[in-house]
Amino acid sequence: MGDAATLGTLSVGQQTFVLRRGDREYRVDVGDDGTVTVDGGSTLTVRSMGDGEVRVRGGAEVSAWSAAAGDTRWVYVGGEVFEFEVAREGRSRAPGAARGSLSAPMPASVVRVEVAPGDRVRKGDALVVLEAMKMELPVRAPADGIVAA
Amino acid sequence: MGDAATLGTLSVGQQTFVLRRGDREYRVDVGDDGTVTVDGGSTLTVRSMGDGEVRVRGGAEVSAWSAAAGDTRWVYVGGEVFEFEVAREGRSRAPGAARGSLSAPMPASVVRVEVAPGDRVRKGDALVVLEAMKMELPVRAPADGIVAA
Amino acid sequence: MTFRRVLVANRGEIAVRIIRACRESGIESVAVFSDADADAPHVYAADRSVRIGPASPAESYLSISAVIGAARSAGADAVHPGYGFLSENPAFARACEAAGCTFIGPPGDVIERMGSKIAARELMVSAGVPVVPGVTPGDQSDTGIAAAVVQVGYPALVKASAGGGGKGMRVLRDEQAGRELIPAARREAVTAFGDGTLYVERLVDQPRHVEIQVFCDNHGDAVHLFERECSIQRRHQKVIEESPSPGLTPKLRQAMGAAAVAAAQVAGYRNAGTIEFLLEGTGDAASFYFLEMNTRLQVEHPVTEAVTGVDLVQAQLVVAAGGALPWSQEHLTQRGHAIELRVYAEDPATGFLPQAGPLLVYREPQGPGIRIDSGVREGGVIPVDYDPLLAKLTVTAESRPAAINRAIAALRAFVVLGIRTNIPFLGHVLDHPDFRAGRLHTGFIDQHLARLLATPDPPDEALAAAATGRPSVRAPSVAGSPAAGDPWATLRRWGR
Amino acid sequence: MTFRRVLVANRGEIAVRIIRACRESGIESVAVFSDADADAPHVYAADRSVRIGPASPAESYLSISAVIGAARSAGADAVHPGYGFLSENPAFARACEAAGCTFIGPPGDVIERMGSKIAARELMVSAGVPVVPGVTPGDQSDTGIAAAVVQVGYPALVKASAGGGGKGMRVLRDEQAGRELIPAARREAVTAFGDGTLYVERLVDQPRHVEIQVFCDNHGDAVHLFERECSIQRRHQKVIEESPSPGLTPKLRQAMGAAAVAAAQVAGYRNAGTIEFLLEGTGDAASFYFLEMNTRLQVEHPVTEAVTGVDLVQAQLVVAAGGALPWSQEHLTQRGHAIELRVYAEDPATGFLPQAGPLLVYREPQGPGIRIDSGVREGGVIPVDYDPLLAKLTVTAESRPAAINRAIAALRAFVVLGIRTNIPFLGHVLDHPDFRAGRLHTGFIDQHLARLLATPDPPDEALAAAATGRPSVRAPSVAGSPAAGDPWATLRRWGR
């Protein structure tokens, strides 16, 4: 599978996702240390194996597989498939200096670099413009932050 | 498998590789249109399927698989495995303006961008410095050229 | 005598299956492909390949002239039609022979005769094979059909004489229903088969669909290879098949096998074929009725291969080339238990609607007793143009309970994301108490639909994976070797 | 009675195999792992897992206290030892029982008795099972051993009484050779087994290695499951096994099966075991001699499963829990032909030297009649610490020629790059005229080595692929979802 290319690092806080399935919404908080809580419940720990497989440890450790297509998140776990829509994502709860990383959605060529190390960026600013499949794709900052050297 | 990330495009010419196996050397010319000749022989056409598989059309079209580890190139075709050492590579035969692309050896974070669009670079110049596995990895120009916008 | 080069006039898993059999038999294989399939697995599997047209089946896999043209240009001396597409088209069988290629299947006139429900039924009656009480009314008007329905009795089935696969089929439970459903059945028959002739038969309630694999050579020998239980169907199409049938006694198995061989022989059959029966009742007292004959390799042939240990496709190649049947009836054995699960890109929750789209993640299970026949790969796209069968998972074990457990474990290791499939649904069927108990009938899925569709709430693990997993979008490869020119950026496909 | 939770005291493909059998039997599985295997497939396959120590086998998979500790902490009620490691260690079997866990295998005293070549041989002689003419000299001095060699006659074999796997084994073809080789054999025996006792026997020239699978329950029943031909060996270790043996007549098969059952019964055997024989000569007149008993599941058990249709590991779980044998001798059948190929990370060109390194590309074949047992994955690293078996490819077909063709086709679809393997070498063995003709003996590989090692010059396609393929270096994942925090950059492993 095409790995996404990490293009740089940004200072971002903990991420909160709101995922929707049918008429239910779930709040998922993702820490930068691989911990996850769902609707404020008990903590799970996650690791990506790099090929779609995700090891999730809540009680026992289990394998899940996930894939994203647009706003849809596909997940396979325990013989069942779940589709979620991302209702909201990327809200920084802690505006502190935790490090995350930012990745391109697919292998692509860099057309323009819009920022320089040290620049202060705001959520939504274009950082880099990529070209793939004959289209220019801006990669935007998911949160306010400072471009690392 | 981790796809390498293409970080930018450089103007490079046709590539010539010298591959060694035992005491034999082979000259392989790779055009930017996917054509390949071996030791000046008849032309083959190649396509990468993105997961290690390469479709090669000489007479019939066959599948081969290849992987690189350092200077070693591993190839599987027709039930046999071949290991080649890259004795020389990247010599630009036609110094014209054909476009190639340059890729990072593995998914990694960009630590520094050393060049700007329009810069003239010489073979061996560091273009970008990546960080992966706690090491800084410079990505160098494979040929003289001009950094594309 | 053996073939030198076989053209495989099909796509997907069955084309891959046939190409493998050719390779193992020392025969060259030629794949054909439409523009939608230029990089499909069956094309890569073959020794050579020929483009036969655009994605539209009518202009490619269903085009006799395109396929025959490919066979000529590739120098093939035989054609394997697989199933579906042109496999039961007598004109195609004749066109192959006219082009100097052996058609790997029965003669065109046998296909034609068995393709007509009326002619096939008459033939079966003449051979003493039991048939469901039914009639093809001489008066094909609405009134004539309605009268025939009264004659066979309610509930009755009205269906296209020329057809199969459930098209043009209607169940009439009272006189009122007939007024609307008889014309509807006729219209659908005309649309699907170009022939509005209707056939009326008594509906066997809660029947089992049990079929017998037969095989005949050119030297007068014929054998059967036991039964396949195919009662688990949705939209009148099979999704789970197994052998042995949990509902067959040894005595009934023997009687059905003998009837199937008699049916094949009276039809003048050649090569691999299947006699489908409806089974009514249980135990030695159960009745079986001839339903139809499929004059080709079945989708579910792996089930028979698993329990008998034979290779049906390699045998097809031998017998079509004039060789003798590789087995005698007394040496064929049925051992263990096999279950095939058809993995479709379809959405069970919306009436099993076929799905098209990208296979973002596609991981097949493997291990002891697991066989996968597939014609797709991760990163590929399932086109809208064809049957949405992704793969067949066939498990074999010592007993039916062991096979069910193995199948459930294998399904849980079959990961497909990016497109809806029936994988979880199949798991729910296998785990249903009635399935485990062998209480099967063709209405099983409809009867238990609500329970089979029930999906648990997502566990926290699913939400954690959804929020943290990485995008799997597969883009055209644009990366070359490090510090090297990148031909891939400019060359993704060459003209063929 | 059935087990609730089984600890699998092994790694790699056999651990995965046993875990699958547990799952399909409704039994929870517990994997153990060393630090080299924290993310190995067998760990992911199990329901839970326990770290047992550092990479060094002595401190992990060979450590009785570490494994027993894991079994206790996980609450396991049984332990499956797999093969190798602690599987034939009587102290481990006893330690399991002492810890309240059933050892899935024979009692410790049976392991001990059959582990001594001398005691095992005496037992066989008492049961009327033929043995190779040989002697354990009372005088174990160089002179005493040399005298025994003269007594059995040249060529003679001198080997460790305590050992197996070819360690401490020397062939003496004349008196001269003995002066150097007898002390060498003793030294190696001491090093490998801590016991320098030597055993001298007549060397059977060009023997075949044919073994019989046996299975005994706790209720006095014992069966054999026919033979496995294991003559294709390198460095005295099997690499290709098949069933039926191409050299066995029905009469000989019956005689060897009966001898194997007698051997197992006189040994007081329980569970799955294997009686290894040397076969000399051909036809009904061939002689067979007891070689040794393997008191555990064999690496090559899939060959037997393929031709008999049984699941040996699931049967081990049933029988160890006190259940009756699931089969009777008269219902067991040997059908079709199966060949197992052991895929090793090793370099045939340098004496089959084991290899360690990354699996840059690892693609397994699949399809009808193909079974893969593996314990590795693409992107994984083969550690230096353990046996370099990557996978077992087992093919099944109707006949031996069909199985050979299937195996060759499957090997050509088995792509492993980044580490040297014996895959092309195995293909050369299968395609050798003497292999196809069934002219097998334990010296086959040595005899034909030059031809088997010959590699063609690379075709232009290979060079084109080498120059244009992309790097497959698999780095730790550092990419998160788009525009999202990336936990992977900081969390690649948590402590266990």
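Each chain carries a letter (A, B, C and D) given by its place in the written order, and its residues are counted from 1.
Heads up, the rule we're going with is that a contact is a pair of C-beta atoms (placed from the backbone, for glycine too) under 8 Å apart; a residue touches a chain by one contact, two chains touch by 3 or more.
Remember, it's a predicted structure, so these values are computed and weren't measured experimentally.
Compared with chain A, the chain whose C-alpha mean position is the greatest distance off is D.
Compared on C-beta pairs in contact, B-D and B-C come out with B-D as the pair having more.
The distance from the centre of chain C to the centre of chain D, with each centre set as the mean of the Cα atoms, comes to 40 Å. Averaging C-alpha coordinates per chain places the centre of chain A 42 Å away from that of chain C. Each of residues 1-6, 15, 17, 30, 34, 46, 48, 50-51, 68, 101, 103-105, 107-109 in chain B touches at least two other chains. Along chain D, residues 378-379, 467-471, 474, 476-482, 487-489 each make contact with two or more other chains. By the touch criterion given at the top, residues 358, 360-361, 363, 378-379, 408, 411-412, 415-418, 420-421, 423-424, 427, 455-479, 489 of chain C touch chain A in their complex.
Taken together, the chain B residues at the contact with chain C in this complex read 3-6, 12-15, 17, 30-35, 45-51, 55, 57, 60-61, 63, 68, 89-90, 98-105, 139-142.
For chain C in complex with chain B, the residues that touch the partner chain are 39, 44, 47-49, 378-379, 474, 476-494.
Contact residues on chain D toward chain C in their complex (touch as defined above): 16-17, 20, 23-26, 302, 305, 309-311, 314, 326, 333, 335-336, 364, 366-374, 396-398, 402, 405-406, 409, 467-471, 477, 479-482, 487-488. By the touch criterion stated above, chain A contacts chain C in their complex at residues 1-4, 15, 17, 19, 21, 24, 26, 28, 30, 34, 36, 38, 41-42, 44, 46, 48, 52, 54, 56, 58, 62, 64-69, 73-84, 103, 105-109, 132-133.
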